[in-house]
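The next part holds the structures, each set out as structure tokens.
What follows is chain A paired twice: with chain B in the first complex and chain C in the second.
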Partner chain A sequence: MTYQFDFSSLWAYWPEFLQGAWLTLQLSAVSTVLGFVLGTLCAIGRADGPPWVKFLVASYVEVIRNTPLLVQVFIVYFGIATLGIKVSANAAAVIALVVNVGAYTCEIVRAGLESVHKSQLEAADCLGLSKPQIYWHVIIRPAIERVYPALTSQYVLLMLASSITSQISAEELTAVANRIQSDTFRSFETYIVVGIIYLALSFVVRIGLWLFGLAVFVRKRKLGTAL
Partner chain B sequence: MSAVVKLSNVYKSFGTNKVLDGVSFEVGRGEVAAVIGQSGSGKSTALRCINALETIDGGTIDVCGHAVHDEKLDRRSLRRDVGIVFQSYNLFPHLTAEQNIMLAPSCVKKVSKAEARDLAKDVLARVGLAEKAGHYPEQLSGGQQQRVAIARSLAMQPKLMLFDEVTSALDPQLTGEVLKVMEDLARGGMTMILVTHEMAFARKVASQVVYMHKGKVWETGPGAMLDSPRTPELASFVGSGL
Partner chain C sequence: MPSFSLVHLEFLGWAALWTLGLSAIAFIGGGLVGFAVALMRISPIRWLRYAAIGYIQIVQGTPLLILLFLIYFGIAIAGFQEVPALLAAGVGLTIYSSGFLAEIWRGCLQSVPKTQWEAAECLALTPWQRMTRVILPQAMRIATPPTVGFLVQIVKNTSLASVVGFVELAQAGKLINNSIFEPFTVFMVVAAIYFAICFPLSTWSRRLERKLNVSRR
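So, the complex of A and B:
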């Protein structure tokens, strides 16, 4: 088997690759932030909410974790259209990714919340802190610090999984690649290039989250020990 | 002398286990009461009831003018008057000693950050740890952590301090440094109730010793009562304890 690699025909497309990569990063960043907020709220609801909230969150998490992302993306995309609301493919992609990663975040953060010992809450309660203050200062911060490595992996996965939104023609990196390979008939080379770009993006996301962690978790930065 | 704390006929059960079986005692302003007794005698539960960490089944508890037994008790306003220190310190591990202390004054009393920091410096100096302000709990010894926990309570300027076996997890040397801080507090006029196994400390510092046995106040009196127990239970408890 002799295959002649030819990357030269792809060279002309580098601005499009770059644009696709940029959109992938943007989709991922927005979905990460919103998914984190959604997931954390769900985790609190599941840990400390009234029974109906617990049930609602548990159902949401189980449905999302046991159905394919691709199907979720289609349901969001066509569901929104059926409701008569006009949103762009990119917005639909973000919604689907947020709903998806929110469920996984919920489970990870819940593990973190459960790791905070009851005696910590008692101490804070005895100091007169209100429930929201206890949550913010005594529970959420150490909880997130403990599960931050798991969250980092989840958000790198999210960035990679965003390639699926190419199926609803969000113009992210994989969608760009699909178009280029059909233009050039250089499928193998195109996806090799795209693979390398994703590898680089993963690296960027990891570094970004690592730096963010250093900035936020002062104790960890100073002592280097796990909480 | 007005009573800061008054328990009258307090009952409390966990399931079928009667932990407090008609407990009554009172502690006046500036008094130091040492509650002693075997494990399971109900002494820690009594302390936790005073701070509304447990709800009681019968009787009344009045603390600094708060009716703790009342269902409509404003727990947060009770907590502004009462400080409590636990056996396991319960410092917040992600915050420095200073931040641990600053948290409640800034959150609850809404004092400014600068003011809270001054306050933290002040109480840390009182427990002899001024130079440890920037240290995290894991960088401190058990005795130091417990002193920070005491300082954290002091920063809220409570009218009453509760100590729940605060030296039980410490070796004798570290116990000594914590007890010294408590002795200084007592001398400064703080009203204190301590559940303790430190008989020598109880005898020396307490103005009132409450001996609990099987959920009842078995014997109560000044520290000297430990030298001449009236009941055989206290006699054997003191005998085994010293």
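So, the complex of A and C:
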């Protein structure tokens, strides 16, 4: 092999790499928060809604989980444009990621909701809790606490999957990498650097979500037991 | 301007076959490598275990897109001029699926109760006999539902092979769209074909899982 590796020409680009990583984090954070809200609402709708809501949510989840994110991104970006609504690449990326991760969140949270034992609901009823109180204190919070590890993995995957949105030239790390490699002609080195950045980001996201879990699930932190 | 017609549908049909072929390559290749990595991951030899952990962490911690780019440009650096896109895509997806299958199967192997491993050893079975006669038959029952579930991920992720110039379903959709510019129709049809491939697999996986959990119902 006669190829000379040359990472030195990439040094000049470190602010751009950093900027790209920051954009990816922002994109993932927004999509995670919105996707979590959407997914949780869908899970509740699927568990307790009227039949047509259940059917609607079930179809939504199945359709999203059985089609590639790349095609979803294309449909949102190019498809919405032909319907006459103009969205920027970044907005389309967020919409596609939220719709995508919402379906996965729905499945995970639903498993959590189902794991709440019936006796808990009866006990809450006997204690005279109102319906919203039961929902919040007895069902949703314990359910999410239980499935939190699964959600964490899903959101790390989302962060990695956000690289796909570079295909519609949304501004994030992979798109930045594509630009840098066409500037420097150092494609292999560029993608090695970006791969390492993604690796670091996935650790950062994992640790961040773990700390967030510690802060939010007080009971678990204080007692140190699983639910 | 021509509109979406049977010709395009036929083109998409052929591309769908390539998607299936690429998925098969990724599953078989990823299965072989992944099984080896899973065995390394539970091996008593420490450095083998750490090597497997590192491999899994790296594959699961970087996007498939970056992996594909690396292989695409890496092959060119290694001195090969004309690399078939099928090879680049196949290698990339094999590495990707091996990283995930290794972790899934490790869990299944370790979920076989420890007493089974010990009993096999007490009966003086060789490590090979212990694995093939005692552990694998039990682990495979547990492994089937998540493996079928992961097949869906593989099929969906073949859509990224378009970045190395492989014409599969998503890329075919893009090509057609470039010529007739009806993105909504084209990508809806593409999505429908993916759904037709993946939905039976998901359903099958769920049914297998229910069957496995009969005792817990």
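Criterion: the second predicted complex is superposed on the first by the 226 of 227 C-alpha atoms of A that agree within 3 Å, B and C clash if a C-alpha of one lies under 4 Å from a C-alpha of the other, contacts with A are read in each partner's own complex, and residues count from 1 in each chain.
To be clear about the criterion, a contact is a pair of C-beta atoms (placed from the backbone, for glycine too) under 8 Å apart; a residue touches a chain by one contact, two chains touch by 3 or more.
Small disclaimer: the values here were computed from a predicted structure and weren't measured.
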Is A:L70 touching anything from chain B or chain C once the two structures are fitted on A? First, second, both or neither.
second
Quick one: classify A:D48 as touching chain B (first), chain C (second), both or neither.
neither
Per-residue touch tally on chain A - higher for chain B or for chain C:
C
Now for A:T82: first (chain B), second (chain C), both, or neither, which partner does it touch?
second
Would you sort A:D6 into first (chain B), second (chain C), both or neither based on which partner it touches?
neither
Check the residue A:C126 against both partner chains and state whether it touches chain B (first), chain C (second), both, or neither.
first
Touch test for A:L223: chain B only (first), chain C only (second), both, or neither?
first
Check: chain A residues flagged as touching chain B and also chain C none
State the interface residues of chain B toward chain A in the complex, per the touch definition above.
51, 53, 75-76, 79-80, 82-84, 86, 88, 90-96, 103-104, 107-108, 136, 138-139, 149, 152-153, 156
In the complex, chain C residues that touch chain A
57-58, 60-67, 69-70, 73-74, 77-79, 152, 156-157, 159-160, 162-163, 170, 173-174, 177, 182-184, 187-188, 190-191, 194-195, 198-199, 202
Which stretch or stretches of chain A touch chain C in the complex?
1-3, 62-63, 65-72, 74-75, 78-79, 81-83, 160-161, 163-164, 166-167, 174, 177, 187-188, 191-192, 194-195, 198-199, 202-203
Flag every residue of chain A that touches chain B in the complex, lowest number first.
119-120, 122-130, 133, 137-138, 141-142, 145, 217, 219, 222-223, 225, 227
